[in-house]
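If you scroll down you'll find the structure; I have some questions about it.
Which chain is which? They are A, B and C, in the order written, and residues in each are numbered from 1.
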């Protein structure tokens, strides 16, 4: 599992992206490339700008300078809605699920871009709308099956434990059949067993479905075993970019942040 | 390749962390129980019996008073409540302008009937609703910039502006000196529905058709998109839901429904069309209907309307029977206010999802009690 | 020119009156994040109580004292019965609770003391006097002075006292305030009590101006545009907002009104606030919310 700079073409590229919030610079001149089909992990101390980076990639934050190239299209800014249309899906650090809806309904909302039935068709429940609804429910069901959530399909999301909510959020993102999946700390707060599970879901989504994945993660063990490519941020700057083995041995990175935890 | 092909993930891959592990069992069970309570699809028998009751039995045994003073306002207010519920309960956009849209619907229907020769009554209602929808979209445009609670200002502006415009510009009331217009006779396909029983049938049919359409919408993709925007619009945008379009559709649908309700209120209930019957107080009344009945529930709109219509009558009767002479009518109105206010507070504290949840909760409890015996 | 000045000044002074009611909102919002829709009803309740007591022969100052006590008791009751059970709910729920509360207060006030209009005498002659050719109402000037004093006193309260610090802490983050030992319930009771006092002052002034009647509680609606322009959490902002709304409302009515048949002041402030929101969604003085995802 090598090579952040693999030979696949770059699906996502950032060129000198800088982002500020009212005087506080969150990202300084970030440039990086994510190859199609790889798993790229973004690591760094808290406050390093990792979530901001994800937010720039899918258009929630607009950088003051620099540009983002996704799937051949170069843009300085993008609305989240367009990012979704282009095939970028994501999960959030604090779980952005629709708490009053069920698991199935949440995953179904992820399918909304595949929908064609219009207002009238839905109001009158025309055959085309009904067929589409059945199809989409089946698709959503596949996602639930994949993530072992089928027994919970009618559970109200807001009442589920944290770990399961994270899984539902992953399901919603997968339901959109994205090209690029952005995961913000998908394993935060989970037990060892839950993390293993989540890691295998991520690995399978990447290997079997070919989804390129960019994820933020703190658990070094997970990062080393999952990622093909690691990018290290510190105070909004990139201080490391390469294969996991390289990063592990980089003095600068260890200085900034890793310390003893990688002694093994 | 789709997810269905990825069946290689057997349980032996995973370190035994099944979903039904004891640690998570309780909360998962709670979540599933909650889901089961939310969703008890009635068998076909119940709605059919209900239709029979509404269309055949009630008109046979009802008297004029019941139709004119209870059933028709109940139906119309339920419809208005449904309209507001779509905007506020499902899409999460707080609105105090429901009666302004009702007014637009009433006046527009009247003007269409007046100025377009041979226009069928139901088409006039639909056009009135469509006009209200357009006005709704205009006052809903700010909802993209203005979030949550601040949106009240846009709806208040709508409410006051519409009230003012309909009063000031005599053209709307056909230059009638008093500004109050009488509704024309209700002719549908040649039959006159102007008597109380006829008005009841007309109102019932229109309400039913709209309720069915609305129910389909809220259960479908659009309803989910509305709820997604309500619960977390940033997340909704991120998964690709077009926020502006979704919000405007909510405004349009809601205003259309309120517009038709307004037309029915004027034509089917009051028999007159005048702006002051559609004031801020009426908007509050509709808001109370959905708070008490249940936000985000079609059935709730009906429960709330029944409550709002029946409570004053109940209080009147109690006052006459037990406190005749002691409490004068003015006091009664104020007491009603106190009781409504207290009930709103009570519902918000005890049962925020209103009567709809209360009833489905009761049903759940009865079911468990039955199962336990 | 003189006419314009008169209209302007009249509008400004009216605006100050709106600010008075808005201040009550800001207090409660600052301390608890609740938009108290019942503020207008509290104004009505205070005014009605005062007027009814005075009509029964009690003197001015004793009546003020009694009404004050009543308002304080009311505030405590509200905190206990309505607010405490709803502590963890979303703001919308709290707003709707205050909506219900406003109905209870209105109905109660009118059940207890009747629905007729009462006159209210503050002992200030309503004779206008001239300043530089412009006619000013003594009452309005007195109101402006009172409002100014109120703002200063409240400002001192918030920024110079320990209680004020506690209030600001609670407004910022109730959970954090709890963990440093601030008694949330006591703070809220104090805030609502102060709001009650403000309601009393506003009630007296408004009552003297237009008589004490039901429509007093509708003034709360006019306070909303004031809050939007001034921001929901700034006391100084309400003064600015009030002045803007009062002046623009009167000017619009006088200069634009006749062309469209009058009655513009019913909706003009809301449309103004709406346009304002489109440009600055958080008001002139409010703090912009940073949405963290």
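Going forward, contacts are C-beta pairs under 8 Å (C-beta built on N, C-alpha and C of every residue); 3 or more make two chains touch, one makes a residue touch a chain.
Not measured: the values here are computed from a predicted model.
With centres taken as mean C-alpha coordinates, the chain found closest to the middle of all protein C-alpha atoms is B.
A centroid comparison over C-alpha atoms places A as the chain most distant from chain B. Two chains share more touching C-beta pairs than any other pair, namely A-B. Mean C-alpha position of chain B lies 32 Å from that of chain C.
Centre to centre, using the average C-alpha position, chain A and chain B are separated by 39 Å. Remark: chain A and chain C have CA centroids separated by 48 Å (rounded to whole angstrom).
For chain C, the set of residues touching two or more other chains reads 293. Counting partner chains per residue, chain B shows two or more touched chains at residues 234.
In chain A, the residues touching two or more other chains are 60, 92, 96. Listed in rising order, the residues of chain A touching chain B in the complex are 58, 60, 79-81, 83-85, 89-90, 92, 96-102, 105, 108-110, 112-113, 115, 117, 119, 122-125, 129, 133, 136, 139, 142-143, 145-146, 148-149, 151-152, 154-157, 159-161, 163-164, 172-174, 176, 191, 193-194, 196-197, 200-201, 204, 208-210.
Chain B contributes residues 94, 142, 145-150, 152-154, 156-157, 160-161, 163-164, 167-169, 234, 280, 284, 287, 291, 330-331, 334-345, 348-349, 352 to its touches with chain C in the complex. Taken in their complex, chain C has these residues touching chain B: 35, 81-82, 85-86, 89, 91-93, 95-97, 99-108, 110-111, 115, 221, 224-225, 228, 260-264, 266-267, 270-271, 273-274, 277-278, 281, 291, 293.
Across the complex, chain B meets chain A through its residues 1-6, 8-9, 13-17, 19-20, 24, 27-28, 30-32, 34-36, 38-39, 213-214, 216-217, 220-222, 224-225, 227-228, 231-232, 234-243, 249, 296.
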